[in-house]
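What follows is a set of notes on a single structure, which appears directly below.
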Amino acid sequence: MATVTAPQDPEADPRVKAVFDDIRATRGTDFINNIWRYLAFDPGLLEATWADVKAVMATPSALDPKVKELIYAAVSVANACDYCTHSHLAAARAKGASEAEIADFFRVVASAGKTNHLLNALRVPVDEAFRKEV
Amino acid sequence: MATVTAPQDPEADPRVKAVFDDIRATRGTDFINNIWRYLAFDPGLLEATWADVKAVMATPSALDPKVKELIYAAVSVANACDYCTHSHLAAARAKGASEAEIADFFRVVASAGKTNHLLNALRVPVDEAFRKEV
Amino acid sequence: MATVTAPQDPEADPRVKAVFDDIRATRGTDFINNIWRYLAFDPGLLEATWADVKAVMATPSALDPKVKELIYAAVSVANACDYCTHSHLAAARAKGASEAEIADFFRVVASAGKTNHLLNALRVPVDEAFRKEV
Amino acid sequence: MATVTAPQDPEADPRVKAVFDDIRATRGTDFINNIWRYLAFDPGLLEATWADVKAVMATPSALDPKVKELIYAAVSVANACDYCTHSHLAAARAKGASEAEIADFFRVVASAGKTNHLLNALRVPVDEAFRKEV
Amino acid sequence: MATVTAPQDPEADPRVKAVFDDIRATRGTDFINNIWRYLAFDPGLLEATWADVKAVMATPSALDPKVKELIYAAVSVANACDYCTHSHLAAARAKGASEAEIADFFRVVASAGKTNHLLNALRVPVDEAFRKEV
Amino acid sequence: MATVTAPQDPEADPRVKAVFDDIRATRGTDFINNIWRYLAFDPGLLEATWADVKAVMATPSALDPKVKELIYAAVSVANACDYCTHSHLAAARAKGASEAEIADFFRVVASAGKTNHLLNALRVPVDEAFRKEV
């Protein structure tokens, strides 16, 4: 149950149609997932959100696309974002993550959750050796 | 300021010394960072924590070590774990992450933070297409 | 699926009835939403929770009621509280938030989520200029 | 202690200088706070972050600037972002929030933290009456 | 809707059967809850997770089992983990927590949520008197 | 560095003095920790916060005081509240928690952090057997 209403015919709005067309072209698929269908309630927010996601996730950069999806999914897990966890694990698989890599992802995320809590409980001072600043 | 006291001479305890020796051998360095020095207050907790981190992070697996450190750091950022963010970004760099990859990491983590909040606000239903269960 | 059982006939308990009557009088509606129906499992917790919410949210104060609901909803989004996000966005609308304001709320919450993660990753020192203490 | 190194002379880079000039012009002050000084380590990330913050926070929209800063600060508190909490409460004050409004903000944020945890513990079902979808 | 597929006949795998047998023996019940049924998708992850939970939660230690379940549930509430909140409150009840204790748990968790947000907003310095380090 | 200014002579305000006196009497100590000294900036918020903490934490109830402090600290760890983690672990020790119990607390909190992340990644459906509702 969402807090906004997805428009019945989102592509009747030319700004929405332009974004959807770009999503389809960028991803090479006709499938438009729910986040975009709901964001169509506000074309400006839809445009800005897609522009950001496209620039970061669908544009070649230093890290490979599969790795970026796994990092994205890791943040989503820690933020308890149900939708984002599903969509970015699906994207990681679509971009080539094997089931062994996904299982490894679960191991790393769980281990991080463990030591994050341990350190947030112990409040250990950060080592000077980790200093990056000059 | 920590919530436990790090022992003054941790390696006087043979269980602590065994863990520290294994950390040094596994990592190929004499440096023992603070989390292990503080965990030495309870040798059993030190052993269990190192066993977990070693099995997940220092044992060959499907994902490469650098990628695992970036996933670990991503969870740590979302959990606001100061120590973990520093230590795992340092580890990612030590395992070969370039500064361009680290900058890319920041971009992905920030973008995930953005859409995580957007989705947790919109509460959009998860697409059936993301279903993994059979 | 809740972790407690909502009583079948909550207002049979005079302490519950008194709280429900006050909710109805304060809000000018007969509608009692689920949080109160479930909290009726423990009249003392119901009374204390309503007293707190009434004092903070239903009592005139420096900020106007609509703004308080938006701040409340913002915290709820960041805490991934599904119920609270729904109920306080509904309350913001009931207290006069326009759909344009709600869309603006989504933009601000998303942008905050972005820079929160960026800053929690960069761990930038707080400027002395922000110091409020004397 | 940050995870990146702030450049010594950031405005030697014309892309950085252009952003800093725009920050100064937009805000009507010579003060450049640390987030921008550190983000200068990567001009592209600096540009993208400022473009987002400027579009959302420094551009007239449905909600007034003070309210947007309070919503931003509310998210930052819930995410335990030290820097963001300081900078956006300072911004709220700079945009006219009175000390009484700031105190009210604290009350609302604390009350939201309370019921968020109560609801995340009780897992009460969302009322159909809150449904926004049609 | 899960992000992995639970095997149809998990105990056909002898490693899974061994874990399930140990869960049944340790808990004195035939009931295997969903987390283990889904983790069976990766026997190594299943083994490691059960070994950790068994060592911490099903082995006699300084705190009594009921108290450990309440602490576990408290973390789960704060992390918005729906499954964990349900399973560890159920475990607390199974290990003897009365309904009055569960109600008390809700009060404490809610109060902690309140002051956590208040302190994360106020950013008050930690008292030297709380220092544990020597 | 706090976001409010602690008054120089807080007990010059009779409302603040009354709260401080009650804290001293309730706790049987002259020590007033920083949260109360900073909250003195707003006597109404100070009174309401102390009333809540006193009712929940300093009033006999189903759970014993030490256990309540550990639950409180567990939530604080998960919320990355530095001040609260320190103050409530100190309170748990003051109310009788042994160092072995504190070490056990760390183990449970870390294990919960681990499975919380694992479950928030796997998104396993909650077992019907955990249903409390009738």
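Order as written gives the chain letters A, B, C, D, E and F; numbering starts at 1 within each chain.
Throughout what follows, a residue touches a chain if its C-beta (ideal position, glycine included) is under 8 Å from a C-beta of that chain, and two chains touch if they have at least 3 such contacts.
Please read all numbers here as calculations on a predicted model, not as lab measurements.
Trainee: Chains in contact with chain A and with chain B: which ones?
Mentor: C, D, E, F
Trainee: Can you check which chain pair, D-F or A-F, has more C-beta pairs in contact?
Mentor: A-F
Trainee: Since chain B and chain F are copies that touch, is their contact same (over half of the numbers shared) or different (under half)?
Mentor: Shared-number fraction below one half, so different.
Trainee: What is the chain whose Cα centroid lies farthest from the Cα centroid of chain A?
Mentor: Farthest from chain A by mean C-alpha position: F.
Trainee: Measuring centre to centre with C-alpha atoms, which chain is farthest from chain C?
Mentor: Farthest chain from chain C, going by C-alpha centroids: B.
Trainee: For chain A and chain C, let me know how many angstrom lie between their CA-based centres, rounded off.
Mentor: For chain A versus chain C, the centre distance works out to 27 Å.
Trainee: For chain B and chain E, let me know how many angstrom lie between their CA-based centres, rounded off.
Mentor: The separation of the two C-alpha centroids amounts to 21 Å.
Trainee: Which chain B residues sit where two or more other chains touch them?
Mentor: Correct list: 1-4, 48-49, 52, 75, 77-82, 85-86, 89, 103, 105-107, 109-118, 120-123, 126, 130, 132.
Trainee: Graph shape for the chains shown, where an edge means the two chains touch. Line, ring, star, complete, or other?
Mentor: Per interface graph, the chains form a complete graph.
Trainee: Quick one: which bits of chain E touch chain B in the complex? Just the residue numbers, please.
Mentor: 1-6, 48, 52, 55, 126, 130-134
Trainee: Could you pull out which chain A residues touch chain B in their complex?
Mentor: Those residues of chain A that touch chain B are 1-4, 31, 33-35, 38-39, 49, 52-53, 56-57, 61-63, 67-68, 70-72, 74-84, 86-90, 98, 100-101, 103-105, 107-109, 111-127, 129-130, 132.
Trainee: Mind listing the chain C positions that touch chain E in their complex?
Mentor: 1, 3-4, 41-42, 44-45, 48-49, 75, 79-81
Trainee: Please give the residue numbers of chain E that touch chain D in the complex, ascending.
Mentor: My answer: residues 73, 77-78, 80, 82, 85-86, 89, 105-106, 109-118, 120-123.
Trainee: Using the touch definition up top, name the residues of chain A that touch chain E in the complex.
Mentor: 80, 85-86, 89, 102-103, 106-107, 110, 117
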